[in-house]
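Going in written order, the chains are labelled A, B, C and D, and every chain counts its residues from 1.
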Amino acid sequence: MEFLNASVIPYFNYWIYVVLMMIGLHAMITKNNLIKKLIGMSIFQTAIILFYVSIGVKTGSTIPILEHHHDEGHAETAHAVAESGDHHAEETDHEKSDHGNNEHAIEADHGIDPDHFANPLPHVLMLTAIVVGVSTLGVALAISQSIYKDFGSLEENEILAKIKQGGPGVDV
Amino acid sequence: MKWFGLIATVFTGILLLSAVPDFAAFGDPDSPANGGLGDHPSVSQYYITDTYTDTKVPNIVTAVLADYRGYDTMFETVVIFAAGIAIFAILRSFSGPVAPSHPTAIDTSVEGDHQRIIIGTTCRVIIPVIQLFALYVVAHGHHSPGGGFQGGVILGASFILVALAKDLSAALGRFSEKRYLALGSVGILIYAGFGLLCVALERNFLDYEILHRIMPATDPIMARSHSMLGVEVGVAFTVTAIMFAIYANLSSKGRLEQGF
Amino acid sequence: MSEQLPAIILLAPLFGALLTGLAGNRDHRRCFPILISALAVSFGCAIALLVQVSQSGPIDYFVGGWNTERVPLGVGIQLRIDALNALLLVVITTVALLTAVYSFRRAGEENTEKTPQFYMLFQMLCVGLLGITVTADAFNLFVLVEVSSLTSYALVAMGSKSRGTVAAFNYLIMGTVGASFYLLGVGYLYMQTGTLNMAAIHEILADPAFGKSSTVFVAFILILVGVWIKMAFFPLYGWLPNAYSYCPSTTSCLLAPLMTKVSVYVMIRVMLSIFGADWVFQSLGWSHTVVWLAVIAILAGSVLALAQVELKKMLCYLIVAEVGYMVGGAWLANHWGMVGAIYHILADAFMTLCLFIAANIFIKHCRADRIDQLEGLFKRMPLTSTGFVVGALAMIGVPPTAGFFSKWYLLRGGIESGQWGYVIALLVSSLVNAVLFFRIIEIAYFGKNPAESHDHAHDEDSHQGQAGEATLLGGEGRPATVIPLLITAAIVILLGVFNAPVVEIIQQALEGMPVVGAAAAAR
Amino acid sequence: MDSVVHSSLPLWACLASLLAAPAIVLFRRELFLREATTFVAAFVKFGLVLAMLPIITSGKVIEFTLVEGFGGVVAPILFRVDGLGMLFALVASSLWIVTSLYAIGYMRGLHEHSQTRFFAFFAISLSATLGVAFAGNLLTLYLFYEMLSLATWPLVTHHQDKEARTGGRTYLTYLLGTSIGFALPALIFTWIKSGGDLSFAGDAILASADLGPAQGLILLLAFCFGFSKAGMMPFHSWLPGAMVAPTPVSALLHAVAVVKVGVFCVIRVFTAVFGVDLLAKLGVATVISWIAAFTVIVSSLIAMSQDNLKRRLAFSTIGQLSYIVLGVSLLSAHAVQGSMMHIAMHAFGKITLFFCAGAIFVATGKKYVSQLSGLGKTMPFTMGAFAIGAMSVTGVPPTGGLLSKFYLVWGAADAQQFALLAVYLVSSVLNGVYFFPVVYRAFFKPAPEGEAAVEGIREAPLACVLPLSITAVGSVLLFFFPGLLLELTKLMTGAQ
C-alpha cells in the first residue's frame, strides 16, 4: 500500500504508458501475423506519445493558446489570459494557490504566467511523432501487402517456410 | 520466441519503471521540463511567455511548430512525403489488367443501387463542407488548434471519401496520380522555398523575419506570422496529396484501379 | 553565403529530390543529372565546411535565427559542425556521389518505371543522413533518423527479390523499435533537463546531482540500445544481413557503407556531446562490459561471415564485426580508442563501399551470388578485381590501406587500456578476414577445381596475341561502375597514406574533452 | 654520429621495378620488349643502388622522407640506407639481374603460361624487397614486408593447380597470420613503450624504454615469430610448401629475397629496436639462440631425409636462416657481423643451388635426388656449379660461406657460448652430409639402367646455365674479395 501511494499513484500515467508500451513490444516480438506486429508497433508508438504528453501536463493549466485581441495592447492581452488561468487554477487545485502567488513575479515580468498553460513543446514533438508513426505504418502496410502478393500469406512462419523451400515465386 | 519475447518485454518494463520514482510528479508545473532547473529556465516557459511578442501568434503550439522548431516540421513533412514516395515505389505496379474506364458499383452483393444513391447523395452534400472545414483548419491554425497537418489530413480524407463512396477511379478523376505526386513535391517546395528565400536575403534558413522586406505592409514580427501561414499551406498540400496517395495505392494493390 | 553552408548542404539533395519528382516523371533521363548536380553541390559544401572547421573551429548555425541575446539556447534548432561531423559529411557526400555515378542507368534496372522514385528516395536518404550529422538537437536527430530510415526501408523493399521485401519488413520493425527507444530516451532526458539542445542538456547534466539519477541512467540505456539496434550491434543485428544482401545493388552500395556508420557516429555524439565523456566513462563505469560485448560482436560477426556461402551476405556479417570494432573502440575510454573508432568510421565507409561495388559487379557479371561461382574472375575483370583486392586488403588490415591504420589506432587504444580481449578479438578478426577474402581470391584466381597437376602445354602468350585488345579489359563492367570502384579503392589507399591530417582533425574534435581528449595521450 | 645525406635515390631504386610492372603488362604481347623492360629495370635498379654505395662506404647515411604524414601520428614513410640495408640491397638487386636472365630461359624453356603476370609480380616483389632494405622505421618496414608477402603469392601459386593452391594457402596462412597476429601487436606495443618513436636512426628504439624481462621476452618472441619469413621453427613450414613455385621464384625469393627479408627484419629488431645493450641487460636473447639452434639442427636432419631436391634445399635454407638469427642473438660484434655477411654468402650459394635444380628440371624433367645419378656427365656445368654452391653453403674453402661461418663461430667464442659454437660446427657437418651425396651421385654413380645412355653434353638452355655459372663464380670471388662486405658490416657493428 505504501508502495502504491509513494510510487504508483503519483505516477499513474507513467505506469500506464509502460504497460501499454510493453503490450506493444510483446506483440511486435512474439506475434506471428505481420499485421498484428504492426498493431503492436502502433500501440508501442502511442505509448511513447502518452509518455511525452504526460511530461507536459501541469495541473490546472489550459491549452497553450493565448487569447487573442487584435486591437488591445500586449500587456492587456496577457493579463486577461492570466486572470482566466488563475481562476481555473484555483478551482481545480488548492495546493497550487500559494505556488501561484510565488509565480506572480514572473507574471509581472512577462505578463504571462507560464503555469497557466500546458507545456507546448511535448505537443509539438508529438505532432511530429504521430506523423512519423503514420508514415511508418503506411510504409509497413505497403511492405506487408507486397509480401502477401509474393507469398500468399501474412503468417511469419509460413513465409519463412516458403523461403526455406525456395518454392515458386521465391527467388532465393 | 514466445518466452524470449516475454522475458525481453518484462525486462524492458522493469527497466522503464525503475526510473519512474525519480520522475517529477505528474502534473507538477515546476518539473524540470515545465518549470526549468535552477538557473536554467525551461524553454517551454520561454515559449509561453515570449511567443506572442516574437511572432504575434497566440497558438503557441503552432508558433513552436512552424517557427521555433520549423526545421523539425519541414523534415516531418519530408517524412510524410518520403512515405508517399516509398509506398509508390514499393506497391505501384504498372502491369496487370487495365482498369475499367467506367466506375462500377463498390459492392454489388448488397442492394447496390439504393445504397449508391443514399451514400452518393450524402457524400455530395458533405464533401464540400469537409473541404471547406479543412481549409478553415489550415488557415485558422494561428488562433485555434489546427494547422497544416490537421487540415491536410481532413482535405485528404475528403478525397478518400469520394473513393469510398463511389470508387477509386472517380476519386482519381478528380485528383489524378500525376497531380498528387506533383502536389506533394510542391508542398515541400513551398516550405523549403520560404526557408531558401530567407537564405537569399542573407539570413539564416527559415528566419522569416527578413521576409518583411518582400512582403507588402508587414513588420518583421508579422512577417513571421504570415510566413507561418505560408508554410502551413505547404504542409497541407503535401499531407493532402500523400494521404490520398497512400490510400489509393494501398486499396488497389498499387494498380490504381477498382479496389479489392 | 559561406555561413549558410550547413543549411545548403542539406537543401541541395532535398531540392534535388523535389525537382526529380516534378521533372523526372515525365522524362526519366532528367533524373540522373539532377541527382549528380545536387550531390555535387552537397559535396562541395562538405569540403568547404571541412576547410572552414579545421581552420577556424566549430560552426554554430541557428535555424530561424533564434540566437539573439534574449533567446535562451535550445529555443530554436541548432546545427553544429565541428571537426568530427565535418569529416563525416565529406564521407557521406563522397559515398553518395560515387554510388550515384555507379547507379547510372542501373538504378531502375529492376523496375524501370520507378527510376524517378528511386532517385527521390536516394536523395532523401542523403538528406536524412546529412541532417543526422549536422544537427545539435536531440529531437531533430530523431526526425532525421526517421527520414533516413523510411527511405531505406523503401529502397530495400523496392527490389524484385521477394526475400528483400521480407527483409525490409524486419528491418522496419527493428528500425522502428530502435528509433522509438531513442525517442523515449530523449523524452527521459527532456523530462530531467527541460531542453532538447545537446549542448544545453550537457551543461545541465554536468551537475554532479545527475550522476546517480536513475532517469538519466535509463535514458542513456534507452538511447544506447536504440542506436545499437540501428547500427546492428551484435545481438541486435538480425535485420541487417538479409536487408543488405537482397536489396537492389545500388541500394546496397548506398546503405551498407553509410547507415551503420552514421549510427555509430550518433552513438559517439550522444556519448560525448550529450552525456559527456566523464559521465559515460567515469560515473557509469561500463567500459569493460561494453567492450566485452564488442568483443563478442567482433568474434560472432567473423564466425558468422565464415559460415556464409553468398558473397554479399558474407560482407554483411563483416559489417556486423566492423560495428563491433567501432563500438569497442569508442568504449575503450581512452584517446586512441576514440580516435581509432572515429577514423574507422571513415575508413570502413570506403572499404565497405569498395567491396560492395566490386561484389555487385561480380554478381551481375556471373549472374550468381555464391562465392564458389566466382571462378576465374581475375582473368576476365582485372580492374574490378583490383578494386576488390584493395578493399579486401583494407578489411584485413594490410598497410598502407586505411584499414591498417584504423586497426593500428584501435589496437593502441586497446593495449593502453589493458583490454586484451579486445586486442585479441581485433587480431583474430583480421585473420578471419584474411581467410575469408583469400578464399574468394583463390576461387577467383584458380577457379573452383584447379587441375590436379600443372600442365606445361598451354602457352598463354600465344593465345593472347590472337584474341586482340579485348582480352585485357573486355570482360569488365561498364565504365560507370568500374570508375567509382577504382576511385573508392584509391581513396582507401590515400586515406591510409595521408592519415595524418585526418587524425589531426579528429584529435582537434576531441580536444579538451575529459577521458578521450588528447591531453590523456600526451607523449 | 652518422652524417645524413638527403637524397631521393633510395625511393627511385625502390620504384624502378615497381614502375616496370605496368610497362611489363603493357608490352604483354611484345615478348622482346617485355623482357627488355625487365632487364632495363634490373640494371637501372642495380645502378641506382651502386650509386649510393660510395656515400654509404664513406660512413654516411642516406635518408628520404616520402610521405610526412603517412603514419599519421605514428611515423612517416621513411627511407634510410645504412650499411646493412646497402648490403642487402646490393645482394638483392644484383641477383635480380641474374635471375631475370635465368627466369626468361626457364619460363620459355618450359612454355609456362601467364608469363606477363609472372614478370610483373616479380618486379613488384623486388620493389618490396628493396623497400624493406631501405626502410627507415618499423612502420615502413612492416608496410613493405606485407607488400612482399602479398606480391609473392601469385608467384608461388603460379601454376594454378591443386598443389599450388595448397602451397599458396600454407604460404599466406603462415606469413600473414604471424605478421598480423604477432608482429603487428608487437609493433604497436613498441610504439607505445617508446613513446611514439619507431625510427631506426640514432639509439635503438627501446633503448630507454622501461621494459621488464618478461615483457621483453614476449615482445622479442612476437617479433621473431611475427617476421616468420625468417623461418624459425615452429613457423617454418611455409618454406617447403612454397617450393611449388617455378624455380626462378624459389631461387630469388625463397633463397634470397623473401627469407632474407625475414632475417633482415630480425636483425633490425635485435640491433635497432631493442639494441644489443638492452638485450644483454634483459638476458632474453638466449631463448632465441636456443630456438634458432634447435631449428638449425632439426632442419638439417630433415633435409637429409628429403628426396625432392627443391625440398631438400628448402630445409637447408631454414637451417641457414637460423644461423643468421642465432648469430645476431649471440649479441657479440663478430657474430652480428657474421650474420650480416651470411646474408650475402648464403644468397649466392643458395641461389646457385636453386638455379641448378631448375636447370636440371628444364633439361631432364627430374625433380628427385635419387634420379640424379650420372648427371654430372651430361650436365657438367650445372653440376659443377652445384658443387660450388654446396661448398659455399657448407662453408668449405675457397667459397664465401667459409668467411661468414668463420665470423659466426668467432662470435660464438666471443660470447662464451660454446654449446652454440658446437651447434655451428655440427650443423656444418650435417650440411655436408646432405649435400655431398648429391654431388657424389651425379658425378660418380652411373646412370640408371633403364635410361638411354646419353652421349656428350646436354645442358639446359644457355639462359639457364649462364646465370648459375655467374653466381657460382660469385660465391668463389666473395671468398677472395670480401672487402666490401666487411666494410659494410663493420659500419653496422660500430667499426669494431
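What we mean here is this: contacts are C-beta pairs under 8 Å (C-beta built on N, C-alpha and C of every residue); 3 or more make two chains touch, one makes a residue touch a chain.
All of these numbers come straight from a predicted model, not from anything done at the bench.
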Chain whose Cα centroid lies nearest the overall Cα centroid: C
Contact-richer chain pair [A-C vs B-C]: B-C
Farthest chain (mean CA position) relative to subunit A: D
Inter-centroid spacing, subunit D versus subunit B (mean Cα positions, whole Å): 74
Approximate Å spacing (C-alpha centroids) for the pair subunit B, subunit C: 32
Centroid distance [mean C-alpha coordinates] between subunit D and subunit C, Å: 42
Set of subunit D residues in contact with two or more other chains: none
For subunit A, residues that touch 2 or more chains besides their own: 25, 55, 121-122, 128, 132, 135-136, 139, 142-143, 146
Of all residues in subunit B, the ones touching two or more other chains: 16, 21, 23, 31, 33-35, 42-44, 47, 50, 69, 72, 76, 79, 82-83, 86-87, 90
All pairs of touching chains, each written as two labels joined by a dash: A-B, A-C, B-C, C-D
Interfacial residue positions of subunit D with respect to subunit C in the complex: 28-29, 31, 67-74, 77, 110-116, 139, 142-143, 146-147, 150, 154, 157, 159-165, 168-169, 172-173, 176-177, 180-181, 184-185, 188-189, 191-192, 195-196
Complex contacts: residues of subunit B adjacent to subunit C: 15-16, 18-19, 21-24, 31-37, 40-44, 46-47, 50, 67-72, 75-76, 78-79, 81-83, 85-90, 92, 94, 178, 181-182, 184-186, 188-189, 192, 195-196, 199, 203-209
Subunit B-touching residues of subunit A, taken from the complex the two chains share: 6-7, 10-15, 18-19, 21-22, 25-26, 29-30, 54-59, 61, 63-68, 74, 77-78, 96, 99, 106, 109-112, 114-115, 117, 119-124, 127-128, 131-132, 134-136, 138-139, 141-143, 145-146, 149
Interface residues, subunit C side, partner subunit A - complex: 139, 143, 146, 150, 153-154, 157, 160-163, 165-166, 168-169, 172-173, 176-177, 180, 183-184, 187, 190-191, 196
Footprint of subunit A on subunit B - complex, ascending: 1-2, 4-6, 8-10, 12-13, 16-17, 20-21, 23, 25-31, 33-35, 42-45, 47-53, 58-61, 64-65, 69, 72-73, 76, 79-80, 82-84, 86-87, 90-91, 143-145, 149, 246, 249-250, 253-254
